[in-house]
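Take a look at the structures listed below.
Presented sequentially are two complexes of chain A, the first with chain B as partner and the second with chain C.
Moving on to the complex of A and B:
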């Protein structure tokens, strides 16, 4: 196993965090059809919650001596982060959910920005978030298994251990997220959400309380982001408002769209494709080009020496462009996403006759 | 059969700006009846339906259902009280399967909590299985021929109408409001639908109110007919009586027109 190559785990962890975010946003956008452009706000809420209580920032903010909380508090606070993020989702949802389509998108976009700006400026009058400087030395989750490892004679340095730790932690949470979304999807909750997406009016006529179900979708989506934000903060050791820009919201949304709206495997695949593309492919290509430039390779046919390749045309600088073009191509050729949504195929339990085998009950004769 | 009044609209008024779409209409339905509302285009029939089912809040008047006031309730609350409806232009959940459409129709009857859903508890699984079984029974009752796991949007028109019927029945309503159930149907399908409406009442005991333009259907199944024109009720009574009413003939059909050939 590539224990030595912690960078790979780093990428995998990042993929995992985004996959969980995409799964959460998929509930809001994919299932319930509510275009949320400020999703990253809930991510920020989770991240800052732990960053404040899990670092010296808590003492600065509240004038106490009890912070940072011990690492063991990480897991209880994971639950708190889920709750607080869900509450934020409901608080945002209450006033805005009577809006539809474009209007909802604009308001959520604004909300995402408001949270970022608030975080950016809340270093006075009370220094809660330390403003643009961000919060550092964030407590990491407890290494409760380290004594066991030492007893087994395995010696790993903490950096590697944490890389693996976060990887498996994120993996576990994704597993949980997939199970939760799958169960919701295959129940009356998921059906009500999709009904709202398909036809709000008809859904209401079927007895679905619009506001309550939309709030539930917002809260469920936000709770995933809250948990992941907290893990992100702990993993990065340092957070500042720059991590929670509008581009992050768009990034997660594009993962959902690329993967396939409303599709659970789609959200995971979309997150993987987009993250790997951003973190690996283009940067790798840049690196390769740089190496080639150094060796004085001349492009065949056009007879162009790569050494003359201007640094302004470094592929890594065109990440967003390449990504945008890919998105356009994708939406033309495969608008339903890599793995499109598939509806549940429901069957009867054994022994119950299906309509095909049962005699038709229509009054008039069959006409086909 | 008792003559208990199930639905009672008293002096219901609905305005849109300067337009009075429904003007002081009294309209009551006894339990177990099949009742039609007819009237020319723009007479306020669908508006009345929308007021009853909670989509519009009436500007005046009261609506009583089973002895309780329902005006001012939200559509989902009205649905929960036992009033179900179909739409003039079919409004199925296009990207859901036929079966899921019907299951959504059962929303008001679901008892499993979200916690039970997440834990996949016995109660949830049992309920889910029971609902699916019942959906299949409804399937047969309606005489749907489509694959239950097909997406609704892939169904031919006639089948879509039937799915909408099934979805409206799935909540086990006491009263069903059908907005032009035979629109766009050929005579054969129309006969089938007429038959089906009768069976709703006879076999399921559901009270039916329908908006209908097809006189053959109206005269064939309704026990009472209410005629609206320019938002006002101009006639009410048994079909045979209403069709002879000179006011109806003039307002609704134009002078000298024969009832049977109208559409």
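Moving on to the complex of A and C:
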């Protein structure tokens, strides 16, 4: 089915990329309880790393002739991207991880903005990122299996092949990411993160090296983003700073929270729900509405001809509105997320006071 | 005796903060100007227009300083909304930037509704702007209360991140709602504040010669208006928080909700009023901001919002005087970075980097003073 409908594969790949990002952010926010509002910065680091060496931009920036690197270099550079993003995470974490939670949130937010502004303006003095125009013609990973396919008598055009290829690559990486996070969660590192999240002081008293563990969480989360950024760049063929805004960070964060903080299946489900909502449901709804408008359907009961529905209220333009309402409803009705993690769920159940304990707070007398 | 006490209280609540604000603005201006001048002397060379760097700095300094103060006061007023809500709820009220934006839109709609001819005398305009500001305050204040009731109150006992997400949701919702309304009413999602020549005309305040350089200090009437209104609001807030029963209740709730409730403070009401006050300040700022920049759109709140939150953190979040100081410092820094960065680096780093500059300062200050400039050491809250 997918061979006929590359768009579905496109959506699935997008879901996969966001799922891996959500898994990475889940380590930082869900496991270690560090609020990171600039997660997309690491994504940008990975994307730009490959975009620069994997396109002509490298020659522009360094005045050489060796770029773009051959497609084979994609895979070694995936490892490099993981490393560089992790290093960036550590470099950012070192000064700021001593801060209390909310300060950390604002500093990571600031860092995200810093990376975006830098990327947007680093076309001078040396043209490293080509500024707002972005970098195009980014090298894609090698189609090493194409000869084998031709030998088998299967002829598919390159575009479809790449769509399939990225889909399976992302699927593979998600599988890997799930295994890694699962193993991390149960390891002593993961338990140390939980301890830090629950009570920093107590964790420190138990001999957990706070800064090192927080740095580890930052680096682990960032490395996921680095790898996915690189795949994103290669898949899109073109990147520009617009893809790395604060909204993306918030989007990934909301995936983690919609899915259930600290929950691995939750992160994947959250990413799926949010991405599909953005890419499919609203657009589909718009399309349907446009068709109905054309056929002159009248809404029953209120007797409203759909042809009068103003184009300014096209549902596809209001992703944020739907998304915002969803976030508020989610927070109020199901704060533990779609697939809650057990410990978080228990906490929530304990955290809500019974009416008896709440009474003195709300029922107190007048203040002045 | 009681008369004397009242005088002392009034001094503490109104006069002292005003003096403090003046000293701070002056101090941050003097320090930053001095640093800039020193840098200019060290790196002195020819810049565009046949001027040396020092000449350039001396000529433009007063204007940049005024710009910085204006932005600083606006940031300070927005920052107060963040810091007050944070004080009572330990919540980063992400929707505050949209509360600000709604204030700006209510203001512009009102002014467009009045449909004043552009050649108004200043006195009439001042009255109109005052009215618009009050209207913006009312709208934003009520909106903030509504948001608190719908999106935050049910989450009062949830883990900390949950209300934050709800706040982000409200923020998205408001952005797109305003966009939808503007799209329907006016077929474009931005609006322009009507411009009046009387307000834009630069008034020359002083004209002196420094080291052979002609330096004129000019201010548009609207800038004076913005600074005056901000000063009035900031002192009013100081009076409210430091000298009234309501202020005492707010401080009590910020310190310890449960104990405040035991002392007979109606916590829910105080939280509501905190949102009302913070929102009203945000709305007033929205109107003033709109008058300053002219064109507004539904996403106009985002950047000032982040900056103001940065200012609140810079000053020590939860601390009202800290938010004012942080706003002023950030505004002045930003204006200086925006004006001089490109000249100092020979065009390599332009004014686009002024945002980074602000954030870099934030990070540096937080490294050396993790609780902000005036923040107290607060126990880690889970």
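Definition applied: the second predicted complex is superposed on the first by the 341 of 368 C-alpha atoms of A that agree within 3 Å, B and C clash if a C-alpha of one lies under 4 Å from a C-alpha of the other, contacts with A are read in each partner's own complex, and residues count from 1 in each chain.
Just so it is clear, a residue touches a chain if its C-beta (ideal position, glycine included) is under 8 Å from a C-beta of that chain, and two chains touch if they have at least 3 such contacts.
The structure displayed is predicted, hence computed values, not measured ones.
*Asks:* After the superposition on A, what does A:66 contact: first (chain B), second (chain C), both or neither?
*Replies:* neither
*Asks:* What's your read, chain B or chain C touching more residues of chain A?
*Replies:* With both complexes superposed on chain A, more residues of chain A are touched by C.
*Asks:* Which partner does A:332 contact after superposing on A: first (chain B), second (chain C), both, neither?
*Replies:* second
*Asks:* So in the superposed three-chain picture, is A:159 touching just chain B, just chain C, both, or none of them (first/second/both/neither)?
*Replies:* The answer is neither, since A:159 touches no partner chain.
*Asks:* Just chain B (first), just chain C (second), both, or neither: which does A:198 touch?
*Replies:* both
*Asks:* Using the superposition on chain A described above, determine whether A:302 touches chain B (first), chain C (second), both, or neither.
*Replies:* neither
*Asks:* Which partner does A:148 reach: the first (chain B), the second (chain C), both, or neither?
*Replies:* neither
*Asks:* What residues on chain A does chain C touch that chain B touches too?
*Replies:* Shared contact residues on chain A (touching chain B in one complex, chain C in the other): 198-199, 201, 344, 348, 352, 360-362, 364, 366-368.
*Asks:* Where on chain A is chain B touching in the complex?
*Replies:* 180, 183-184, 187-189, 191-192, 194-195, 198-199, 201-210, 216, 341, 343-346, 348-349, 352, 354-355, 358, 360-364, 366-368
*Asks:* Mind pulling up the chain C residues that touch chain A in the complex?
*Replies:* 86, 90, 92, 150-151, 154-155, 157-166, 168-177, 179-180, 183-184, 187, 245-246, 249, 257-258, 261-262, 264-270, 302, 306, 309-310, 313, 317, 347-350, 352-353, 355-356, 359-360, 362-363, 366-367, 370-372, 378, 380-382
*Asks:* For chain B, which residues are in contact with chain A within the complex?
*Replies:* It comes out as residues 53, 55, 74-77, 79-80, 84-85, 87, 91-97, 99-100, 103-108, 110, 112, 114, 117-118, 120, 124, 128-129, 132-133, 136, 139-141, 143-145, 148-149, 151, 167, 171, 188-189, 191-192, 195-196, 199.
*Asks:* Could you list, by residue number, the parts of chain A that touch chain C in their complex?
*Replies:* Going through chain A, the ones touching chain C are 29, 35, 95-96, 98-103, 105-107, 109-111, 113-114, 117-118, 120-121, 124-125, 198-201, 246, 250, 253-254, 257, 261, 310, 312-313, 317-318, 320-321, 323-328, 330-332, 335, 344, 347-348, 351-353, 360-362, 364-368.
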